[in-house]
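Consider the two complexes below, in which chain A is the common component and chain B and chain C are the respective partners.
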Partner chain A sequence: MRVALDLLGGDHAPDAVIDGALLAVDRDPTVEVILVGPPDVAAELLAARGATLAVVPASESVAMDEQPVRGVRTKRDATVRTIHRLVREGAADAAVSVGPTGAVLAGAVLTLGRLTSRPAVAVVVPTAGGPVVLLDAGATSEGTPEQLVAFAVLGSAYAEVLGVRQPRVGLLNVGAEPGKGDQLRKAAFALLEQAPVRFVGNVEGHDVPHGGPADVVVTDGFTGNVLLKAVEAASARSDLPRSALLLGVAGVSVVGHGAARADDVAACVLHAAELARQGLLPRLREVLSTREEAS
Partner chain B sequence: MTAEQVLDLLRGAVVTVLEVDGASLGRSTRFVEDLRADSLALVEIVEMVEEDLIRTHPGFRIADEDLDRLLTLGDAVDYAVARLR
Partner chain C sequence: MRVALDLLGGDHAPDAVIDGALLAVDRDPTVEVILVGPPDVAAELLAARGATLAVVPASESVAMDEQPVRGVRTKRDATVRTIHRLVREGAADAAVSVGPTGAVLAGAVLTLGRLTSRPAVAVVVPTAGGPVVLLDAGATSEGTPEQLVAFAVLGSAYAEVLGVRQPRVGLLNVGAEPGKGDQLRKAAFALLEQAPVRFVGNVEGHDVPHGGPADVVVTDGFTGNVLLKAVEAASARSDLPRSALLLGVAGVSVVGHGAARADDVAACVLHAAELARQGLLPRLREVLSTREEAS
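So, the complex of A and B:
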């Protein structure tokens, strides 16, 4: 599996990225990493480590404090565009970046296109009762009820690809009873009852790390991101995911924390390779099209 | 290229990105207020139209600093037609 990796993304780039790439290929020699960034920077780092990896040139990065869409629009040679272009052209099987999520999303959407109307950041949290897919964990700050329904359909299809049969979909809320929450939650609840998913009603924050009532937990990106970071900070568990999938773009694209260290970058690369190896995209397309036919 | 042809291209891009009914789209349709397009959707639409127009007009590009002024489909059509001359 060939993974295109953004050399310039993240707080500790490029050193943590290149070290993560080398760790990943060491752990799984079937994985080939294509570094995407300035060739002189890559050459120097590789020479210092006595290592060899393929390099595809890209000269620009989108900064954390930059408006992500505008940044990607103006920087045609941005690494977040090039990693996805390689996937689109078939030169890579998956793309990985630990740069700003908004910029990676923009790069993915503008280069690969959308698989469904609304992409989301999806995180799979392992629990005793099986995996819980949380989405959106940060792609869209201000969600609409229709978007939450789109996330429910997408997340449910992803859970099915992960092996969950007839995934139960819950709406993240401040209480389990119907009628709870703000206007967004109330409107989304009504729409989800009519949506082509197995909607089981409201769930609460603790249902994500503990599992139980739902296999898929749907929320807006703002709330999802806050919840995810709180779960990560409060939990001593070492099995929490260090990578997330951009679900809903027409290719495999994995994002990691901006603060990622080499080990985290390696986890993102191996996750992306595994998703590509499992045929995530064709399987998602198949599940989504079967559901469309059935509805 | 005529304004009507550019409007057709633009309408196609809007339908693809925002999944709305093309028949409801006219020159006065507003991207943000009427179509609820966010910044990413707007840039997707722009890049889709650029990709189409670049085939017949190499180098065609909507200047980034002009994007904020294109509030309606009609604004975008007039802008593109003026640049294609």
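So, the complex of A and C:
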């Protein structure tokens, strides 16, 4: 499995990125990392470590405080475009970046295109009751009822690929009873009852770390992002995910925290390689096409 | 300190409520509990425990799946009205319920009235960097920029009463940089820069359990509720709050989880007594009047 890795993304780039790449190939020698960044920077870092990795040139990065879509559109030589171009061209099996999620998503959508109208950031939270797929964790900032339904279909297909049969889909809300929540939740609840997913009703904040009523938890990107960061910080558990999947783009693309250290970057690379190995994309397409027929 | 306690609120009422009341008075003999509920139920429970507590009659409760404001309006003999009536009449110093938050809030607003146009549910999260006041944790379901500013003023005043000097106020968002978030956050950010509070900008989900940049974290009631429940579930810490304050009503009113057991009910009663003892209400009024002059 060949993973295209953004050398310029993240607070601790490029050192943490290159160290993460070397850790990943050390842990799984079947994984090949293609560094995407300025060749002189890559060469110097590799020489200092006495290591060899493939390098594909790209010179621009998108800053945290930059408007992501505009930044990516204007920077044709951005690393977040090139990692996805390699996937599109078949030169890599998956793309990884720990740069700003919005920029990585923009790079993925512009370069790979979409599987569905509204891609989402999906995170798999391990719980005692099995994995919980939480989405959207930050791809969109304004939620609409139709988007939440699209996330339900997408998350459901992802859970099936992960091995969950007939995944139960829950709507994140402030109470379990129907009729709870704001206008967005009330409208989404009504639509979800008609959607081609196994909708089990409202779930609450505690159902994400605890698991239980739902295998897939759908929410708007604002709430999902806030929730995920809070759970990560509150939790003493070491098994929390260090990588998220851009779900709904036409390729395997994994994002990590901007604060990622080498170990986190390695986890992202190995996660991306594993998803590509499992045939995530063809399997997602297959499940989604079945859903479309059902709807 | 006399605490009026809703005998009918919560999943484990009335047993967990009466046991919690007895635990509280045992732990702090200066606290007096006034049970508010059906006298025959109270008498039977007290007799079975060989205990004596004051009882004030009220026969109706508001169910979890009931529309709270309508429920409280139509039920004139609801316990969530009577606990607050006792506070209004000076027969109790504080009110406590572990019934549905919406119903308790409706009872407080209808009976005690408001200090500010928009009351909130405020929770104090202990962190290494000191207490973090999070609000709104569920009083409102739709957020507006003006409400978030009102929460900032209210939370700031509460933090001052808790002993924080010049409390720093943060806006819960998906990134630290200005310009992040949905329309609500963008509009609130601009208003908060002009508000009579010490606004320090955006904070993120992890800043609630970790503390650090802000003493007061403001958000809409939907996000706050989801965040709080997730943090409670994810955390292995035993020092998380088991009670929340209805902030912005003209009296001390504390709510707990519907799932509260006796020990949680006792914590709510002792928290309410402590807030009343500290003179929460006159001190809040004083701080708020200063803010109004400043704005």
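FYI, the second predicted complex is superposed on the first by the 295 of 295 C-alpha atoms of A that agree within 3 Å, B and C clash if a C-alpha of one lies under 4 Å from a C-alpha of the other, contacts with A are read in each partner's own complex, and residues count from 1 in each chain.
Basically, a contact is a pair of C-beta atoms (placed from the backbone, for glycine too) under 8 Å apart; a residue touches a chain by one contact, two chains touch by 3 or more.
This structure is a prediction, so every number in the text was calculated from the model and none was measured.
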Checklist entry - Between chain B (first) and chain C (second), which, if any, makes contact with A:278: first, second, both or neither? => result neither
Checklist entry - First (chain B), second (chain C), both or neither: which does A:109 touch? => result first
Checklist entry - Touch check for A:204: first (chain B), second (chain C), both, or neither? => result second
Checklist outcome for this item: Between chain B and chain C, more residues of chain A are touched by C
Checklist entry - Now for A:289: first (chain B), second (chain C), both, or neither, which partner does it touch? => result neither
Next on the checklist: Touch test for A:73: chain B only (first), chain C only (second), both, or neither?
Outcome noted: first
Checklist entry - Looking at the overlay, what does A:166 touch: chain B (first), chain C (second), both, or neither? => result neither
Item to check | Contact residues common to both interfaces of chain A (with chain B and with chain C) | outcome: 67
Checklist outcome for this item: The residues of chain C that touch chain A in their complex are 64-65, 67, 138, 141-142, 172-175, 177-179, 181-183, 185, 204-210, 219, 221-223, 225-237
Next on the checklist: List the residues on chain A that touch chain B in their complex, please.
Outcome noted: 67, 69-70, 72-74, 105-106, 109-110, 114, 117, 140, 144
Checklist entry - Okay, in this complex, where on chain B does chain A touch? => result 17, 19, 36, 38-40, 43-44, 46-47, 64, 67
